[in-house]
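See structure below.
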């Protein structure tokens, strides 16, 4: 068949097995029989859509042109015959329930803090999206710690400084930012909202903050750049590809389109096990798998995170830095530094900065929070010169929900702070207006907190305003150990003879 | 119309919109159409009462003469025609429910501690009043910490001292006090009880303790002074006005009427975000606001706290101190000091004392408790001379519920301790007898605790009687992080196939 | 009427008010009209029994001969006429329920640890008795801490020592004890069991441990001594009377009857406020008291603890020690020491020992646990000579539930450990066999724990076997702050419009 | 009767009391009347099976040949007559329920971590087996601490090391192991699965890890060895018998059959009180025991643990080590060391290693975790030479659920880590495939965690990768004190008169 042929839906439906597997994506019909075993996410997940329209499942987790550019032309079978009842098919019971929840969201002006977005997102997101966004690795200790660490740092505010006007704007890698906050990269934005990452791009432009574009965006890189305003500063988060030519092309294209900073992820030679995400797969499955079955397929069936990340190069090492330096003039920042030793190696390697991060708790579980690492890393960097150091930035992300969290990090020496999930949940709940509301909330919080701290500008912040002495105790909030508690059988006391009572 | 005209209620009812807005307050009719957009609390809240009697809503949060003195005479339209069924209108279902709760309060002699008042107030207060009184800023970490900090200080009592008679009286800024406790300023007393702050004035007179009058009292300053007995010592809490002449007039009037101490609030250049209070507004609203609506109005609609505080001057600074010194001879105390640096600045600026306070957790969230700051601040002040120092007092407030809390603070060097909410809840629950019972409870607790500590007078208290070594660990009580827990999705374990069971 | 007259019950019933108040106790009729206002527990509680039989209420909280010896002979009105249905009257619904619970108690061999007794006692004790026994002062922080402190000390056991036979016997003040444990004094044993303290005396005799007789026993001192076996060592706990002659007579009588040690309570110049006990009173009252009523009576109506303790002398001081030395040759031990300073004063005053105790959490709340004080006090006493010191014993009590608790205290330097509530709950649940079972459980636990620790005798115990480094952190177990949590209103998140869902 | 006689079931049934007690085990009939009082587990438990088939109860807790080799030949009465309905008898309601649970287990590929096995085992195991496996001693503080300790150690991962291939294999006592983990000994495997310990032997062979064979295995030693593959390395855990000849024979037989290491348990001169296990007995009993009854029998009726352990020699001591050295050439490892002093004694005694262990929390309660002891013990051993030291291994077990736990221990200096319950629950839930899945999960976790830590081989691990500074605080997770909470009566606040509401 030629590329322009019209394929009846019944014909597609006849190719619904491992021997002959056709699928529809964006109204085009593809024969993916030979590709089945090469699919990074495993064949099982595709076979669920054999002979059917896979667009809804395909779209949020693949760039729009992935299938067309990876499949040889003879597998492009044509256009599917239009269907009258297609729309009806899509409106499942779950869709209707979700629509009802969207209709009853709290009005946006009742959203008072970033927690609120999270609570709304938890309700309105499809289960699979919530699992992917909210999950973290293993026992989810690191994600919990990210938030808890901020609650172990306390303020000692200063008084009687004229705080009529306070200014919390800053520059990040030389670019003006209306907040000391940037939008950190999070993957697969269309799982949460049809416009995906574009919600962030547009809101960032409007409010003068900087977005870091994720490698694993649902929107293509160019879609995002096309949505940006002229001169809008944007950063790029980079997962380095096993094929360095792909990476080189990607980086140089980004630089050409005006991206202002390259954040190379260094804490993800392999994506973490996010069991909440992995279990979601089982919920969707029919649950009839036999106990002994499926051993071979396990590795390919480990939730969204594993499915989309097989290209990441685990061989990335310090001696790759010069090569990056050779292919781009963008400032290079290493994202995911966790030790004073590596902070000094980064400084000495000549990069422009580091992000202290445990990847939102999604990679190595039990990794200390960025905030806890900040203290020792700033101390180490002071051995290289006065701090702050104009040639080296230290960013931090993870667990930030309040401007006060940001101010604690800045007081301890951070240059600026990344917020990922906060903005992600904002657009998942309310689209672009949600992101704008989130920025507005942060702005209000910065104004209030700066005044109450007695800081007129960010340079007034300093270590004497915070008490971090309890930071390393890991005491304070009392987390629950759900897995332990779920299996631990509490001790009982002696029992009465209830039959007598 | 002349000021003495009689206006029929039906006529008032016709002016019930933004174009023409009349309201009734204390049986007088006002045309506030032009004032709508200037209302610090926003126009929306007034419009709810357009064409109606607004007295109940107006009274607790405005001084009695505010409307008459701020509105030009031609807007004073006259007296409203008396109505027979007015009383019935006021008795809403909520009023009746509240009355029933008041009728079933525990007898006053079953109130055993200050927690009890809080529990009663929580039930009998109107929701809006409870929200305003009990709320604190942001994540309400600081308010929780205020109480928790006391539980991290432990007693090491002394024995075999003749404690037949123990004496816990003291002098505060030169005035006798039957307890080492003063009544700290809390705003808007009429939200809790029709007599508002007068409950405190009268009980203080009767039992020989000192009340600090709040700038934002529901009763006018003069009403309170008129209720005082001759020579009754009173302090004044001061929010400094943007218009310093207003402040000067207010302070000099207070001094003239015999006020004995000026407590200038220095931790509130802007009032904190008290989200519990802010959400209360939404509960009252019809909830039909569209998601995108109302963005512009948000700032003016942020609960009671913001509505009443717009006059506060954020430019207040150290160099204003000499001016205050020039306008009054009252001792000046800075309320809201949180760092050793500022304590020394205050000492060197020649003021008579400071209050270590995080404003009941209502301003900068995550600010350390006064108790925790006390240790370092007393240490710093000892560098200026022996402690206690007759020319400089260090007060403390926040989280105090027991005489034992007070004794811990005194043992660590405080001069006296302020209790705000404790007394507020006492009169909200039981009026003046409630405040008297609260004082009586404290008196009993002081007697018992002094004896058990082996302290015959307050000067027997000293640091060797307390173990504060765990104060800075922030461990001990295990607070719940409600916001986090409400959105965090606990990890699950593998699931059984329940359809088979 | 003569002392031998027979008084009809109807006649007694006619004297049922403040003007003429007769009561029956142990079948004798007394006119207590004039005594009403002198009753240490207040008149109100007696008036409840005016004209009725008060034996059940009288017995557990007064020595048997108190009424007969304090009331002048002419008020002894005679013997009450026997009543057939008297027994029936006593069998209230509560009695029947209690009997049912007693019948369904777990068999004694299913009681595995001292917690079990507490759980059984909680169910089978009358509410008033449970409230009196289990209550502690104020916020009940100290009682909680007593138990928690033991859980912050950890073992580092030794291995490969021949532990075929282990010996946990010791001598206490020169008397053999089969356990390094004595029965600490607790008051009012008949609230829990008709035989009261005799349960302890008999079990102690049988198993070779030492009982400390409480001043406030339900059984009279002589009853207890009469129940003892010849030569059975007994200690005496002493509340010093305001009338020193009473005390002298009491102490010398005790010495004469063979008591071997005098434990003078020094942490109770006044008994603590035990609010749980106090609230019990209100439960019994009709609850109809008016809000303003009863202010005057409050002081006399503060639960059992206050009612029975008015004789205690708050003037007791260090300079009384020589007088005690002059009236008795028994070793003198000060019970309730809490600071290194006082431990040294006691040593230098020549007494034979001290008990580190916060009185089971029933006196000064927030007082550190005996265990926490032990570390510093032993360190202080080592400045007076090598430790253990044959002329000075350091005992400890509070929160002990396991032999392992005892071993921790001994390893840190204690001479022996007192257990109060543990044995009290044992006989409240099962009488004397309960106490014997408790001793047996401890014996088994000592055997096991000594072997597992690698200690063949108690002298093998030493500080290197325990890690007490976390003792002062007060972290570890996470207590709930019930009072705070009961009134704290948790933060909410933004709400959905539920009417749409 | 001769050994080959056929005995009718009705005849057996007639010998069902203390005077004449026959039982059937594995189809053979035995007269155990005279043995009743010698049964280490007490006579009561046997009498339950008098005249019946006791195989199901006998099998998991006795070696197969114990009865035949301990009972004199004339008590072997013959073979029981086959019964048609025997199978039906065994299928009790509980069996059927258990089968249903087994049928609905999660498919094995949905088991994502070792917690999952525990959750499944908790449901599918018979109550008695779950109680025996999951119980720990006394208040179960030590078992809780084992898990919690790992959560107080945090990672500081290294970045930008080429981690394309990572290798987590090691050698343990000179034998290759595919994981730095061995299967630690746990007793009575047949309680969980009919193949008992053989599940472990076979899975270990297949995946190249080492099993430690327990003295108290349900399978006989030779059965296990027969199941092993040629050359498969196996260790032996040894409880030393009071009769050293028995031990000598056992050890030498093991060496002859090729066992590669002798792990002598030194922390169990007596088995701990595991009250959960002990209470299980009561659940099975009829509950009709009288309160005073059964005192004498208590000691023999203390759950499975006590029943099977009476042979263990409490006299084992350091001077026995040369004797062990004389009877075997296997490396000797002391299992259960807990102090630096004993670690040095072991080193100096010439053994080849130690296991830091508190016996899974089953022996001395409150004993510190192996992980906490590791830090001080490695520090002590460094005084004997550089660490790691080729002639001395330090193993650790207790609370390990994740590869990340293992890596923390290795980074702090451990040689390898034992996992007991993790594998036990794996085969209790799924048999051998469960154990293989557990190994597979650990393998995946090692791969991921090594990469994320930046460790290419285990020798890359070091103390700079972990922050153990909070390990000794015992803060962090907030455990519940179930026994205390079950009996503690929370404070109440003043009560409203509910009859009016």
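Going in written order, the chains are labelled A, B, C and D, and every chain counts its residues from 1.
In this text, contacts are C-beta pairs under 8 Å (C-beta built on N, C-alpha and C of every residue); 3 or more make two chains touch, one makes a residue touch a chain.
Remember, predicted model here, so these are calculated numbers, not experimental data.
J.: Copies subunit A, subunit D: same or different interface, half of numbers shared as the threshold?
T.: Counting shared over all numbers used gives less than one half: different.
J.: Rounding to the nearest 5 degrees, give the angle of the rotation that lays the CA atoms of subunit A over those of subunit B.
T.: Fitting subunit A to subunit B on C-alpha positions yields an angle of 90 degrees.
J.: Per the centroid of Cα atoms for each chain, what is the distance between subunit A and subunit D, given in Å?
T.: Comparing mean C-alpha positions, subunit D is 42 Å from subunit A.
J.: Would you mind pulling out the distance in Å between where the CA atoms of subunit B average out and where those of subunit D do?
T.: 60
J.: Residue numbers in subunit A touching 2 or more other chains?
T.: 105-106, 110, 112, 115, 119, 139, 275, 279, 282, 287, 473, 475, 478, 480, 483, 486-487, 493-495, 497
J.: Of all residues in subunit A, which touch subunit B in the complex?
T.: 105-110, 112-113, 115, 118-119, 122, 130, 134, 139-140, 144, 147-148, 151-164, 275-276, 279, 282, 287, 402, 404, 408, 430, 433, 444-445, 447-449, 451-453, 464-465, 467, 469-470, 473, 475-478, 480, 482-483, 486-487
J.: Which of the residues in subunit D end up touching subunit C in this complex?
T.: These residues of subunit D touch subunit C: 138-139, 141, 145, 266-270, 272-273, 275, 278-279, 282, 287, 289-295, 297-299, 301, 313-318, 320-321, 334, 336-339, 341-342, 345, 363-368, 372-373, 472-475, 478-481, 483-484, 486-495, 497, 499.
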